[in-house]
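Okay, got some structures for you below.
Next, two complexes with subunit A in common: one pairs it with subunit B, the other with subunit C.
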Partner chain A sequence: MVNSPGRHNSKKVMCMDDLIKKKLKAVFRGIKVSVEKDGRLLVTARSDNTREVLKSLKDAGYIHLALISCVDWIDKRKFELVYILSSYFENRHVIVKTDLKREKANFETVVDIFENAEPYEREIHELFGINFQGHPRQIPLFLERDYEIPPFRKDFDTRQYVKQFFDEIPFVEEDR
Partner chain B sequence: MRELELFFGPQHLGMVGNFSITLKVEGDRIIQATANPGYLHRGFEKLMEYRTWIQNFPLVCRINVVEPDHMEMVYAMAVEKLAGIEIPEKAHYIRSIYLELARVGSHLFGLWAYANMLGFDTVAQWAMYHRDLILDLFEELTGGRVYHIYIWPGGVRRDFPKGFEDKMISTLHSIGRCVPDYDTTFFNNRLFYERAKDIGKISRDQAIQLGGVGQVIRATGVKTDIRKIEPYAAYDKVEFDVPVREDGDAYSRVWVIRDEMIESVHMIFKLLDKLPKGEVYNRIPNPFKWTIPPGDTYVRVESSRGELGLYLVSDGGEKPYRVHFRTPSYTHGLVILEKLLNNASIADVGNIMISLYVVAPEIDR
Partner chain C sequence: MGNKYSLWAVYFCTGCGIIEVPPVITTRWDAERFGVIPVATPRQANLFLITGYVSLKTLKAIIRTYELMPEPKYTVGFGSCPINGGMYWDSYNTIKHLDKYIPIDGWIAGCMPRPEAIFIAVTHLWTLIDKDMANGYIKYREKYQYYRKNQESVLGKLAWPPQFEKGNVHG
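On to the complex of A and B.
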């Protein structure tokens, strides 16, 4: 193992994560924090204090927002927003999860905390239909049409959509 | 002076793939730039939810046309982590060699695009020719030139064929012999300096704040590389340097790309020296009935453009429940580009875009 600052620092990182865990648990109500087997920190926060949790994680050294993702758990009737933060210099990352109700899903923007959150939130708004309050420009990013059900939701039927939109176009042979 | 709105794209010098920008200009100064992605949105992430774990391999590599190999790697790593598959020692080494070869190929393609954009046609042709030599190597190893589907959960699909290592060494030597030519004609050329110096300049703090990765952040003096921070494959078994520059402009970014290419070639030689013997593949369960235990994971690798991540969720079924790629061009092309274009001149748009090394299919997915 010649060159692995990540593994070399793992003990220090563990200590730091334990500290962060204690601090988060002391400050925020209804928060679940655990250090997983693979070393990542998993935080499950309530939707009303997720913003504050992200802010304090940023202050604790997780300065890089790698990804904002969304999972549609249709059976549990909820969306799960996933924020992945990491550090530029150490082998550690944290996953912050929060649940939203599926109907009229609404959440606060984090663009003022992490500037690069802007396109991620735009994308989630477009593909899942979650509204981000306070977002500077929540306009479409990729898609050119309007959809009744946002296309990345699990109840969006791709086959039916294709049939509806493209079946009416006759085959080239029929045209002749 | 009158303000005008200029639609720039979707085909232009500054991008591999289709991508347009709406520029608000006054004279030839840009006041505001708005990036419009979506020309290449193929909905891969949704498609992957309808296919089995193995069927997704031909899809993932198509997300980034220039450099499919790191896509395969990140997907295979995530599947292995969720399913708890171990891979043999030799496969780790072969993966690293293969990924570094891909990095050289991708950087040569980037150099082609950049040199072409500046009007250095000769250098561009050299870079394309040398990339083709690397594609020949890939063809011999995997059967495919552009899309390889070589990395597989459990290892790699096949061992190096007979004589392949020697061929790889001689190819890399013949490319390496041309580095002085590249330097005289391009990198140490006054014209390149004049055209690229102080163009698209980003400060260190700004790069961190905007979530820059890869060359964009390394050109501002931040020495960060996932191969060092969170070593995967065989990167912890070999010594290598992470090239950085201080100025944060287009000039620095292109120099970082050049230095990385040379470092990658050295790394391939070191890895070949240490290449262990043994199997390259651990058998996985029957792919047609393969279910993966419920859970989620985030894995990341250092692709040739920076941090490439994958958030993968399994609900215990035969197909992924959710796939979300974090691609480096996403932040570079949608956030940093818009910032850097402010107050730039129209003539520099292509220069700034291509020095950020943005690949459009990677943004749209």
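On to the complex of A and C.
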């Protein structure tokens, strides 16, 4: 059987997961690492050392940033940023999560570590209103209009907005 | 009118409905039997199929495309989304009624309509053209200031000048 890097047995993967878990726990303070399932690691980092965690993971071979996502936990008054990294060599994923305060939605950019983070951060800035310090061009990506509350925040009332905005526009009647 | 058997559809893709169009214009359903041929540029087209939901960004492109088409021109809204928003009826960024912004001569309801529905629409459009009822482009000239006002109220100030001057309804 061809021994390609994508194929692996689960025993070896578990070992690799535990290895990364140990390494991360040794270096970073306040970090939580759990193995979700084979080949999928969940890392919960503090917001002040998330950049370093991402950097060390990149050095460990996780060079592909697949996605940056954001969750608005309005009851807990915080945003959660989710970085999904994957490795071309080991066919495994690492999910890095970190919390931000909802009132001061500021975070440092990771564009200098992963260059393809640029559109993801622009999108999150536009839809959630999180400011990424050091981002080279934080300009609108999709939206054509300015919204008082960024539209993906949970306190943005879409139905109210549609009622006030799109429904108020009159039809062009024949007999006008 | 003579041009009813030669409808040139502008190849404008929006939403999920455009996936229905390649089988319609090729061998399986063969829209050329009905005189419908797609063209790549709006300057050579007289049929505009809007095939899905219209976000604000798409609306801008739709207005530009529509204004570039030579008259007489006919527009057909395809699917539920351009009619009343469809499943995007409470979206923050998708317009609900396309006929508030450009005139529409006919609608094809459904999510998704079958390719056959396009041919029903085309044959119905022939009837409308015969009876001079497919007059959306005339309405656009006459009510242009209202359309322009609606367009600018969602898109802000448009980057291009008005197509028709106020009072000069014949362009």
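Just so it is clear, the second predicted complex is superposed on the first by the 158 of 176 C-alpha atoms of A that agree within 3 Å, B and C clash if a C-alpha of one lies under 4 Å from a C-alpha of the other, contacts with A are read in each partner's own complex, and residues count from 1 in each chain.
Convention: contacts are C-beta pairs under 8 Å (C-beta built on N, C-alpha and C of every residue); 3 or more make two chains touch, one makes a residue touch a chain.
Everything numeric here is computed off the predicted structure, so don't read it as measured data.
Contact with subunit C, but none with subunit B, is seen for A:D167 once the two complexes are overlaid on the shared chain. In the superposition on chain A, A:L143 makes contact with both subunit B and subunit C.
More residues of subunit A are in touch with B than with the other of subunit B and subunit C.
Judged by the touch definition given at the top, the superposed model places A:L65 against subunit B, while subunit C stays out of reach. Contact with both subunit B and subunit C is seen for A:P151 once the two complexes are overlaid on the shared chain. Common to the subunit B-facing and subunit C-facing surfaces of subunit A are residues 142-144, 151, 158.
Those residues of subunit A lying in contact with subunit C across their complex are 142-145, 147, 151, 156, 158-159, 161-162, 165-167, 169-172, 174, 176. For subunit C in complex with subunit A, the touching residues are 56-57, 60, 89-93, 95-97, 99-100, 103, 139, 143, 146-147, 150, 153-156.
Those residues of subunit A lying in contact with subunit B across their complex are 1-7, 38, 40, 63-67, 69, 71-72, 82, 84, 86, 88-91, 93, 95, 114-116, 118-119, 140-144, 151-152, 158. Within the complex formed with subunit A, the residues of subunit B that make contact are 37-38, 41, 43, 45-46, 50, 81, 208-211, 217, 222, 224, 228-231, 235-240, 296-298, 300, 307, 309, 311, 313, 321-322, 324, 326, 330-331, 334-335, 364.
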